[in-house]
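Presented below is the structure to which this report refers.
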Amino acid sequence: MSHAASVHSLWTLAADPPREIPAPHIEYAQLAPTLIVLGGAVLGILVEAFLPRRARYHAQLLLSVVGLAAAFAAVVALAAGGHAGEKARIAAMGAVAVDGPALFLQGTILLVSLIAVFTFAERRLDPAAHGNRVDSFAAQGSAVPGGEAEQAAVKAGFTTTEVFPLALFAVGGMLVFPAANDLLTLFVALEVFSLPLYVLCALARRQRLLSQESAVKYFLLGAFSSAFLLFGVALLYGYAGTVTYSGIAEVVSGTTRTVDPALASTMGNDALLLIGGALVLMGLLFKVGAVPFHMWTPDVYQGAPTPVTGFMAAATKIAGFGALLRLLYVVLPGMRWDWRPVMWGVAIVTMLLGAIVAVTQTDVKRLLAYSSIAHAGFILAGVIAASPDGVSSVLFYLAAYSFVTLGAFSVVTLVRDAGGEATHLSKWAGLGRRSPLVAAVFAVFLLAFAGIPLTSGFAGKFAVFKAAAQGGAGTLVIVGVLSSAIAAFFYIRVIVLMFFSEPKADGPTVAVPSALTSTAIAVGVAVTVVLGVAPQYFLDLAGQAGTFVR
Amino acid sequence: MENLIGLLVVAPLLGAALLLCGGRRLDKSGHWIGTLLAAASFVIGVVLFADMLGRDGEQRALHTTVFSWVPVGGFQADVGFQLDQLSMTFVLLITGVGTLIHLYSVGYMEHDEKKRRFFGYLNLFLAAMLLLVVADNYLLLYVGWEGVGLASYLLIGFWQHKPSAATAAKKAFIVNRVGDVGLSIAIMLMFTTFGTFAFGPVLESAGDAGEGKLTAVALLLLLAACGKSAQVPLQSWLGDAMEGPTPVSALIHAATMVTAGVYLITRSGSIFNGAPDAQLAVVTVGAVTLLFGAIVGCAKDDIKKALAGSTMSQIGYMILAAGLGPIGYVFAIMHLVTHGFFKAGLFLGAGSVMHGMNDEVDMRRYGGLRKYMPVTFVTFGLGYLAIIGFPGLSGFFSKDKIIEAAFAKGGTEGWILGGAALLGAAITAYYMTRVMIMTFFGEKRWQPDAEGNAPHPHESPRTMTIPMVVLAFGSVFAGGLFSVNDAFLKWLEPVTGHSHGNSPVSALTVTAATVVVLVVGVALAWFQYGRRPVPATAPRGSLLTRAARRDLLQDDFNHVVLVRGGEHLTRSLVYVDHSLVDGVVNGTAASVGGLSGRIAKLQNGYARSYAVSMFGGAAVLIVATLLMRAV
Amino acid sequence: MNPVNYLYLAALLFTIGAAGVLIRRNAIVVFMCVELMLNACNLAFVTFSRMHGNLDGQIIAFFTMVVAAAEVVVGLAIIMTIFRSRHSASVDDASLLKL
Amino acid sequence: MSFPLLTATAVVPALGAVLTAAVPAARRSAAKWLALVFSLATLALAAVQLVRFDPGAEGPFQLTESHAWIKDFGVRYELGVDGIAVVLIALTALLIPFVILAGWHDADPLGTTSSRWRPTQGFFALILMVEAMVVISFEATDVFLFYIFFEAMLIPMYFLIGGFGDRAGERGEEETAAQRSYAAVKFLLYNLAGGLIMLAAVIGLYVVTADQLGTGTFSLQEIVQARADGQLDIATSTERALFLGFFFAFAVKAPLWPLHTWLPNAMGEATAPVAVLITAVVDKVGTFAMLRFCLQLFPEASKWATPVILVLALVSILYGALLAVGQRDIKRLVAYASISHFGFIILGIFAMTTQGQGGATLYMVNHGISTAALMLVAGFLISRRGSRLIADYGGVQKVAPVLAGTFLVGGLATLSLPGLAPFVSEFLVLTGTFSRYPVIGAIATFGIVLAALYVLVLYQRTMTGPVKESVRGMPDLRVRELVVVAPLIALLIFLGVYPKPVTEIVDPAVEHTMTQVDKVDPKPDVPLTDVEAAK
């Protein structure tokens, strides 16, 4: 009866006296991390607007570092306050969940971004242009490559310091993405962190054309996929009449109140559910770069400025998988038997294709792109486990993987020749002879990618496969080890190239980085080794963060 | 006393160690050290012998366990020595002849710069050979068995700069290895059958094992014996072994090592007694070989090769005797000892001749040497008379007994074997006479060699002649002494046992027959070589002759079937390994690469095609999900 | 009239948009197709909202419009830059990155 | 808590590796001496282990250490040695100093390279690193711990193979480098593939234990215990699958036909000391693991697979030997000989008799020593002439008699001549096999003929005959080289005459393994007579 009334009230609304709309109740404390970051971003814009050019770089750097650090502190505080465990709540009127996985992922994202910002700010690699130290971003994004405007900008020593606020906005979106507790928030967060990334991709100082092309591709495909995601959201809304995860979950598991016959046509219509779910899944799989939605990855990774690539490769994956986990574990657990087989297929294809295609790559950045695809496959294996173990293993893997990736791309920024970074593999020949240290570090990262014991890569891989096997996905484990074997081949190939082949006369030089990049790389190595040798503490952390709140 | 047995082996071993590791500072004195230690072990042998004579029949055997060698679960191998009459006989022969030949070598190898190493090897051989005969279990015997093999390998290939020598050495070792396979499997079979491989238990409880097992063991032992004693079909290495220095041929390839097979069979008597079929095989091998060797001996112009053939055939006699069982064991050993004397003597003689003739070995380049080297002539002559079994000399007694025993086997076998033995005797007489005439009689046929320096035949130095004289004595009297009221028989019987069998023909008849065939053989040779001059270059000769020169084509068979076949096998396997086994692996890698390239083509850089794949992916995803629900 | 028909319309529009993305070369047009898809979603939202009789769908529609607007800003900016450096807005010309 | 001897034995070389690597480029010889000292220190620790080890003691493992490590994976840091392990550790620790000495000049940088490029330091550091990892994988009684180092050891090995090789010689620099990195990659991928398959099995093992015991565990003792008192009951099919997963990895490492093809490349391209490291030390981990993990974790599956494995081992023996005969390259020849020998070892392990397994263990030790002797001398020879082809030598015996002599002794050991150590083990293996599988044992015995063939052919072609121009004036063994070879030969003779010290230590462990797979030696079919009873 009451529903009939509410339906009726839809168009008799005008007649009634306007009802009082309750003010939304927001738990600012629990949203602190996101708010801090976004606030920092806004401040950054103001800085751009009001500070003189000379001062901006340092101001921005300081601002973003402080902002991210503060946000991270907030996350830690929340976790320490028990929000990861018993005090896990849904905040902001059901829009955002503050629970273990969310906090763990937010913490990781913040750390990764902090490191990434260091690499953004690196100014010692490129030779000084007209006496100005420059970073790897265009002097003036809007200027035509090689045009007078650009030359002028270079002469004037302009640099695109906007990258810092952009990055912060992206981080803000990423923080919300895995915590989003309704599909609308999910969508908005997605756009919030995607749009700045599109822009960042276009801002490379060298090889602008490639950079812009990658931006266009990323943008168009990204928009395309988000459209799909949105349509999926629409269908799910149609199915459940609500977009909150818990609401949908209730309908799925059939624990919802009896349905009005008038709405029976849509309410609980499984076709809507299945199609909608599939489309939303697709949107997320696109972001994590799973086959067959992976094709943007190599091009964008290669074209984008390397620091951005590193940032993207690491942070986007974390956010994407975070959202994916929440969606599958909170919204669709009731239909596990529908999505698991599909995800099986996706995982298998992703692992194999990523590994196989990488074998013939000749460009370091593309190589790492394909390897990231293969790794997405491995992580999916953990996702499919559909058990708390699975969740924590995925969390651990993401943490381990993101630092390795960041470190690897930071090393890529160091190997340069006249044309900027020398990313073609042939140029890496004999690097081990020229500068053993850099080569050794890169080798460590590669071995971690390959999952050699005593590196974080192995611990992560083992955790994920173990969870998968216990979840009854033995086949995935077999395929996993097989594709790891294939993958090992091309990681090894790079090592061979660096150490066992004679350096070329016109080979690239290895730039000596400032403390910034050095820190990034050092942290990468440290995390790789620590997580490889003594992972227990972090496994505990991920383990405690293993349960979602509904 | 027991401890002395160990010393017996250790003395020459010490010598070997000293000489081989001693370095240049021993170059001057090395050969004397070696000789001294050989003599030492001879003295020890004599002491032990005296001690043994001090006790009567049954208590004579000494036994001692030195230490536990390989103890693993039920597998208990000890280093232990057993010295009974049989071993004692060998010990005396080995050390005695060994010492003499050391002495001889002092002269013979005087000008060789690697003298020290030579004597080291000789001592090593003595040690191994002694270990072989005093070991108290088959595994330790196996150590000695391969030890002598090693020594013979080193000594045959002593002049390594000659490819022929190196090849001969390798051949000898490998052919012997084939025999050794037999011995090792035999030991394993003993272990699984009796749970041990010590002489005592195995031989005592041999009866309890089934005949099948015994036959198997016995045949395997026979294989081993064939390898070591150069019996058909594993005889091919002995002829080439003559590449080694002559003293080596005398000691190892005539007097001692090659007779190890006879020792093995005699030692394992109670096994063979339990396996008649195996015994049949043994006598067959013996008979075949004694004819084979004799025939080969007739055709060779190389004096050492001729003697090698004769060795083969003489050992054939021994094997034959040993195969006869209790009837023959004693005589096998007896012939072994006398043969040790005269054959060693003959070889030393040959060596002395070569020494005087710039190492010329072709008898067709000798002739009339009796004037130039009288001592050699006399000693060689006595050895010659002994081997052809001239009445009264050693060979006569021992060989005669074997022929008797062969008949005593009884039945058709008896006749066949006896006949073969007689025939062999005739041929022996023939080819030995041939050697004798071609070397010492007739007119001299030697000419200057390539460098134009003609040989000046001369008698060898004392160090060489003395051993020859001593051995000559042995070859004259040993047989007689042994036969004086069957001394040797009584001496060995406690160990080997003895039975007289039932001979269809009287001993006298046999003796007569032997003398007759002997005369025939000598006469034949005389007519062929004594009456008319010997051509300096070998005539083409009959088909048989040519075949005999080539060891009756047995070597060619080996070459074609085994060597060539083996080469083809290995070559094809190398191919298989590279292209098949490895090919699979590399193929997989390549195919992955190809696949990779093909898939990468999809990444064509067109954003719209990427969008297509996304769209398709979405479609697939939807359909798949729906299907999942449908099914 | 049965609101379900609006859903069909929405689906149709969405498909047209998608097809456009796959077919058209001009970046601007491709981008407009994407916008079309978004608006198809909006239509679906309001329809469902009508059917369910709650306002969520309509609110979401507003959000979508805002997001779309933001997207337009960024998208056009990027397309502009590449147009200026290439003097062509064809998506297919931007295919240096491949394999 | 007592002094962690086992950990120390592994840590010391690791520490040495770090320090050696840290030596500045200029102080090359310092690095060498440092490495040598640390390897000797490790040897001392290994000796202490031998002394502290009590063959008669109760329980499978001694000197055990156990600490929590990765709780979530059910992994503990568990070390312990049985007779087999302690002997193999001793072998490893013994060989490394010789390897280092033999490789003294192998890694001296040729020509001018960047001042930061320090090949020598790297070379010796890597050797020590390998030693550390091998030692710990011998000590690990936790499957996961073992696996980690079993895999990790590939990396330093890989750099040793790919990074250092003989001087180019006739083949050009390019060709040599290409060949070498091919060999290195092949080695790594082959073993990595094996290891990854094993990883799947390891995970499977965890799942099984986790399902049945509540908490997953990798502790060998716990699992064996649980199976003994029936808490853990692995389904037959599962057990077989897991066994195959483990065995595959070990068979690659061992290497067993047909998974052997990486070995000839690796040993051929690597320098002689590294080749020794591969075949004498690293590969032993494979055969060792078969004994410790395959048999003890999956006794039923082991028995199930025995026939096939025995046949494969037999094939390895004959196939390896025949290919060795067919080789034209000294090092490859030795490699194929090793394949044949590993066939013997595996044969002995799966013969499931005391003699077989005891012999196999002894064989691992003896093969290590004999191959080291042969290969190192071969290395000295090659380093003099700069060619690995047999055809390039001839008559060496005349110009360098000592070298030739030692080479011959090494060869004789390889063809397991009685009186030298390998004979004992080979005969034990054959007897052990024969007593259960007469036919296979008998066929395998013919391997000794082939062995004689390839060794003597090699010796004849290189050492005897007229002196070739190419070897004229070749120097004889130097003091350093003699110091390397002499002790090895002495050891070969000693262990050949008196192997009891080793067998005594090994026996109890073998007995234990036999009880694990509950097998008993076949009884002799003639009842013991009083004569034997007396013995």
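In this document, chain identifiers A, B, C and D correspond to the written order of the chains, with residue numbering beginning at 1 in each.
We adopt the following convention: a contact is a pair of C-beta atoms (placed from the backbone, for glycine too) under 8 Å apart; a residue touches a chain by one contact, two chains touch by 3 or more.
What you see is a predicted model; the values in this text were computed from it and never measured.
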item: Chain ID, smallest distance between chain and overall C-alpha centroids; value: D
item: Dominant chain pairing [most C-beta pairs in contact]; value: B-D
item: Whole-Å separation of chain centres (CA-atom averages), subunit A against subunit D; value: 46
item: Gap in Å, rounded to a whole number, between the CA centres of subunit D and subunit B; value: 37
item: Centre-to-centre distance between subunit B and subunit A (centres being mean Cα positions), rounded to whole Å; value: 81
item: Centre-of-Cα separation between subunit C and subunit A, whole angstrom; value: 24
item: Where subunit A touches two or more other chains, by residue; value: 216-217, 220, 224, 228, 298-299, 489
item: Multi-chain contact sites of subunit D, meaning residues that touch two or more partners; value: 189
item: Contacts with 2+ other chains: residues of subunit C; value: 18, 21, 30, 91, 94-99
item: Pairs of chains, among all present, that meet the touch criterion; value: A-B, A-C, A-D, B-C, B-D
item: Interfacial residue positions of subunit C with respect to subunit A in the complex; value: 4, 7, 10, 14, 17-18, 21, 27, 30-31, 34, 37-38, 40-41, 44-45, 47-54, 56-57, 60, 63-64, 67, 70-71, 74-75, 77-79, 81-82, 84-86, 91, 94-99
item: Parts of subunit C lying in touch with subunit B, wherever the complex brings them together; value: 18, 21-23, 25, 30, 91-92, 94-99
item: Residues of subunit A touching subunit D in the complex; value: 432-437, 447, 450, 452-454, 458-459, 462-463, 465-466, 469-470, 474, 477-478, 481-482, 484-485, 488-489, 492-493, 496, 499-502, 534-536, 539-540, 543
item: Residue numbers on subunit D that touch subunit A, as the complex places them; value: 68-73, 113-114, 116-118, 147-149, 151-152, 154-155, 158-159, 162-163, 173, 177, 180-181, 184-185, 188-189, 192-193, 196-197, 199-200, 203-204, 206-207, 210
item: Subunit C-facing residues of subunit A, complex; value: 3, 6-7, 10, 141-142, 144-145, 184, 187-188, 191, 195, 198-199, 202, 208-210, 212-217, 219-220, 223-224, 227-228, 230-231, 233-235, 237-238, 241-243, 263, 265-267, 298-299, 302-303, 366
